[in-house]
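Down below are the structures I want you to see.
Heads up, the next two complexes both have chain A, just with different partners, chain B and then chain C.
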Partner chain A sequence: MSEGESGHNTGTPQGAPKEGPHSGGVSRRGLLARVGAAALIGAGTGLGAGEVLAPRADTAADTAAAPRLRMSGAHAPASGPGRLQPGITGTPPAFAHVLALDLADSPGGGGEGGGSAAESRERAAEVLRAWTAAADRLREEGPAAVLPGAPSAGLLPASLGVTAGLGGSLLAAAGLQDARPEAMADLPSFSTDALQQEWCGGDLLLQVGAEDPVVAAAAVQHLLGRAGARVRVRWAVRGFRRTAAAAEDPGATPRNLMGQIDGTNNPARESSLLQRTVQVGRAAGPAWMAGGSYVVVRRIRMLLDDWFGEDSGHRERVIGRDLPTGAPLGQQGAGAEVDLTARDAEGRPRIPEHAHIRLASPQNNLGARMLRRGYSFDEGWRGDGTRDAGLLFMAWQADPARGFVAVQQNLAEAGDALNEYTRHEGSALFAVPPAARNGGYIGQDLLES
Partner chain B sequence: MSERQGGVRRCGLGAAAVAAAAVIAVAGCGTGQQAQGKQGTQQREGPFLEVSETAMPAPQYEFSTARGEPWAFGDVAGDRLTLLYFGYTSCPDVCPTTMADIDAALQRMGGAAEDFDVVMVSTDPERDTDVQLRAWLNAFNPEFTGVRGPIDEVVEAARAYGIPVEKPETTDGDYQVSHGGRVAVLDGEGAAVGFFDEGTAPGKMSDVLPGLAEERL
Partner chain C sequence: MSEGESGHNTGTPQGAPKEGPHSGGVSRRGLLARVGAAALIGAGTGLGAGEVLAPRADTAADTAAAPRLRMSGAHAPASGPGRLQPGITGTPPAFAHVLALDLADSPGGGGEGGGSAAESRERAAEVLRAWTAAADRLREEGPAAVLPGAPSAGLLPASLGVTAGLGGSLLAAAGLQDARPEAMADLPSFSTDALQQEWCGGDLLLQVGAEDPVVAAAAVQHLLGRAGARVRVRWAVRGFRRTAAAAEDPGATPRNLMGQIDGTNNPARESSLLQRTVQVGRAAGPAWMAGGSYVVVRRIRMLLDDWFGEDSGHRERVIGRDLPTGAPLGQQGAGAEVDLTARDAEGRPRIPEHAHIRLASPQNNLGARMLRRGYSFDEGWRGDGTRDAGLLFMAWQADPARGFVAVQQNLAEAGDALNEYTRHEGSALFAVPPAARNGGYIGQDLLES
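So, the complex of A and B:
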């Protein structure tokens, strides 16, 4: 990300077109002009700064959208039954705050032994009602307009998207165990777990994604303000990916902090398979989750010093992919179909026995699949000097038992070579109901059942 | 454990091995608009190869569904067409994509989808237990039928329809399974009257299927 620092869009890689005469708004706001001319390919759309596009469908095809459009638009789909919330299948924006919140035991400190099921249910409904309404306004009006004096003043909506989910502990507290879908069974423990309770679970999930970190932070502040004393944050991670502005190819699958191209074998964008992998079918459980999805969140610390202390050949064999291109070892191109039977001249498997991609493959997990849509995190160093950075792994699927759980069990039990360099320290599962109906709120069909 | 990539799905390679060589040559390579088969003409329309004049009759095998009911190619519903696929649940990409695309095609067709059944015959019956096959298909459509039979008979049945698959084999610890490339369309007697190429988009299927139902039912 060295080009374009001066704001002069010359000398762009791959001969990217100069900023056109219609993109005056871009220059005026200066935002993208400073972060790299490569980002401006196709940006001459003439959109005025602050102009809000009509909400677009949250389709994964958005990756192809020019960064300028991604800054202007909002990923969120119009509300409607049976539709996924934003922030699931769409292009992951560069920044996401992921928060798990618990219902406060007794808001206002009343001494009435608060926390009855009915109260918990009502409190959860109030929070989700407030978030649904706030998310709608953020989408329609932009974060700068919603809160006078917000830090996001002067910023575009930047594809801001809000996703809300419910944890099993909430259903228990609200007396809704009977409505708990089978797919929402607690995750089993895995032999490789190094979980710390403060990073596990949560009554509610809030994911706030945006292409700009200030937009995301301002939206989080606003949403938590709307929830007030009804909730307290249990854990939170600020996730990030490489920005579209910095990427030579904004459509390319990004790398994680270990340098691996991460997400290659996800179901293809806009494919029928993607939808059926992620979205809960109508007949697959209680109606309140039809059209929704389940997300498994794992806070995975990476032992980055150990990892980068290995030579690159070793790192490639741990994963089973070529580091520069992401191609499966012995093949060409990141998109090449993984051939687990390939052998080298000495007859050894090209993709080693304990390589991550071998053990994670659907072929070794009875076809288990999921949409991986994680974020890197870097929370600096802990008090004892431990680097606290890694992957906030997020896997979306219609049924975790046939997605994350099956694969993680194999990775743990069959000895994934990557286990040595990672520590699963946080874990949570949330049901993410479909987008709210017009005038309704997320989770309404459960909480008013 | 792995999928075999070579041979059975490759254009032309399987042709010599099967009876209906002419059909394979056309369907597998997908270039000719029309080809002279042994017994008549075959009409290609985009990714769909219609072979109604040389329909391949149902092979005689007694299999069973993942719900434990007896099932035979010749006993498919007489008042509907059946979309038949040979695949397996641990398949990394092609089989789940094919099932997802078929379901998407039927959804596009609305009420016209009522004229079709969908059947996947497992090419990996050992690992595809009834429970596994049923659960996997449910993720696409609970109404899709999963069928299991002895693998040797499954291989022969697939070949009778001109779809080359091979028996799973274990070599050096790798488990190799194959799947058929194409989706066969069976008439009410279980005879294959046409094939969709592997990877046919849902929209292309939903363009062809209603007309086919009208013509054949």
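So, the complex of A and C:
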């Protein structure tokens, strides 16, 4: 009865994916994507032919027009420095499912579950091999190709992109502690934490982004089916942003559910600052992470009723920006460089002392930088009547200690005025290795070391 | 500190909306919408100038192009037969939040809570007055107009539409049992029910649809703020469909999360059959529902892992349709009229005896018809590891006894093959009165009777 096309209800883990050899028959789409990739790499600046350096064919403005196949670059050429996986530096698509998974026999608590380290390592390799192959096929053949009668049959690629990462608990379970870089140290506690264990950690990260919610949901179903009984979902959030089609200015930085224009201060697209901020350099080590990145995920619930109960002047002073335009208070334009020294006629600072943008600014954090790429979430109401909506904060950086950790410590200790309206209830850190080599899989250099 | 712009955390219910008199200054957009509405009504067929008869400016194909203001028609002219509210017969937008709310002092259980019937009636009227006014303003001024710094600032209307309805428990609590039409009788039990009370019933229905998820979420936040402490959320589902921009053929009927092409057999757009199916006629009574409709909402969890674990032939026989094309088995094209008599060369029925489309067909249900307008939902995984995704089934009809009830009874009793893969866990029935008269509010004829 069962072809096992996508079922992960079968007790027996499936072997290698059935897609057939990719080195053989290459589809027209796949060929185009590869030719394109090679051309882009040739045109790179030599800093590392990563996704960050590719000319962006996927700007928000394009997204508003007819949808088109997007080159999501899961495979790097066999030689050359590692490239970032998709889903890190490009224009964020409107939807992203973010899932943390544990190996079925390893409850994410450091290998106390059943199964030897070798078994855990092999199981993780099987999952990442299956995901790499499935992500390839989704990219090359489109989201409808995964199985007959998929929910995504008849739908276009819609910028579908898959990102996979590894948590510290996986390295522990797989006996790979020695390969764990310092950058992957557990995040410290922050005084403002309100963490709930059910929303923290995870052996594996799976991020599936798309411009269309059905394309994303179908890909998640398929990828979990490929992983089979080897994993179970630890936590999952379905993130969203405004669609480009609905924006008066598709190039403008979107607002989160508080109405805050979120991400204004990110490093500029295609800048070398962006690359230095996000991508792990060869010198930083270890080798398995060269060209990869680290992502900090925080599930931040927003107290939206409290927030929108405040008058608009108060909300502006909490953020430090004009609400309608997003301009720093006392300045013009959302994109204006924040001037923390500006004072009004009475000599008071234009940006209040505890305003979020003052305390989060690079000037106040020893130049710490990260690429914020968060999504809103709205999971309705909990049983006790609490509204469960907010920001799935995601920050990408080459070194969390000099990125998220530095900034968050300052926000917590110096008393960010925004803290009153937010609750950090979930937290995780994942190493996101570079894209796979041809014929290889994500994380191979670690798991086969 | 508080302007109470949208806060429903304040203990004191807010009075009438502050938007100012709409009979006075009419915005340019509002004026356009009204001129347009008048013109459309003039062009109607005389059967009742409802949304069903208006030329569709909101086809799915249009949605793929640049977004535009949508005339959502919350207000009917002061004279003439009642018109349907928006969100019933037009092209369904990609996102719909569907919420059931209880009056804060009436736990939806038939008026056992505090507060007299007169108080409940007044409270319901306040909420519906506030929603009608807010829906007007959202339509006329766009989703950003609701408050400074809304998440939807800078976003286009994106087909934003608001629908409000009333549950039987509200009529009981408000002492309006005598006004309760037979069509509003509680749904019977079905042998396949697996209902959980937390997902059933509700005093009030609020449906907020939009092509953009942030536009929808911001409108929900605003509308709940307008209702203030008078209501609490009983259950809520964030529904989605594929976006038109992602569809190879935006005119094709979309698939649900099982991959089933869902809604093929609906009455055709702009047909008199559609109107007779959906809209309560004047003769049917009561007067407060003339021109309105009844909606049955079922939260149907899908056992997706089981479903996609079956081979494609089996899935086709369960549904009765070809998976890739959606054509009835043995026929051509998804739109083909289902031929239940067709047999293969060996004389066996082409559409198996227990196939879903056979048992759900009008031929097998004494001609029962309804307009299905469901949404997918994906709420992740429950604490026990159960996948919480499926179909928010919504069926609109003039009389549920001759629509949903007749069909569902047949599906349950005759053994629909699909039952094995679905669980009906939530259920509700709401009366959805016609659009408000100018200066009036939805449900006024009932609540002021």
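Here is the rule we go by: the second predicted complex is superposed on the first by the 359 of 449 C-alpha atoms of A that agree within 3 Å, B and C clash if a C-alpha of one lies under 4 Å from a C-alpha of the other, contacts with A are read in each partner's own complex, and residues count from 1 in each chain.
Keep in mind that, in the parts below, a contact is a pair of C-beta atoms (placed from the backbone, for glycine too) under 8 Å apart; a residue touches a chain by one contact, two chains touch by 3 or more.
Because the structure is predicted, anything quoted here is derived from the model rather than measured.
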item	value
Fit or clash between chain C and chain B when superposed on chain A	fit
Which superposed partner A:Gly281 touches (first chain B, second chain C, both, neither)	first
Partner chain(s) touched by A:Gly390 [first = chain B, second = chain C, both, neither]	neither
Which superposed partner A:Ser312 touches (first chain B, second chain C, both, neither)	second
Larger contact residue set on chain A - chain B or chain C	C
Partner chain in contact with A:Pro433 - chain B first, chain C second, else both or neither	neither
Touched partner set for A:Pro93, first chain B, second chain C, both or neither	neither
First, second, both or neither for A:Thr243, with chain B first and chain C second	second
Touching partner for A:Ala217 - first (chain B), second (chain C), both, neither	second
Chain B and chain C, minimum CA distance [Å, superposed model]	26
Shared chain A contacts, counted only where both chain B and chain C touch the same residue	none
Contacting residues of chain C [partner chain A, same complex]	1-10, 64, 66-67, 94-95, 147-156, 158, 198, 211-215, 217-218, 221, 225, 232-233, 236-238, 240-243, 245-249, 252, 254-260, 304-306, 308-312, 314-316, 323-324, 376, 378-381, 383, 385, 389
Contact footprint of chain B on chain A as seen in their complex	265, 271-273, 275-277, 281, 283-284, 337-341, 343, 347, 349, 353, 361-367, 369, 398-399, 402
List of chain B residues in touch with chain A within their complex	1-5, 89-93, 95-97, 100-101, 103-104, 127, 132, 135-136, 138-140, 142, 171-176, 202
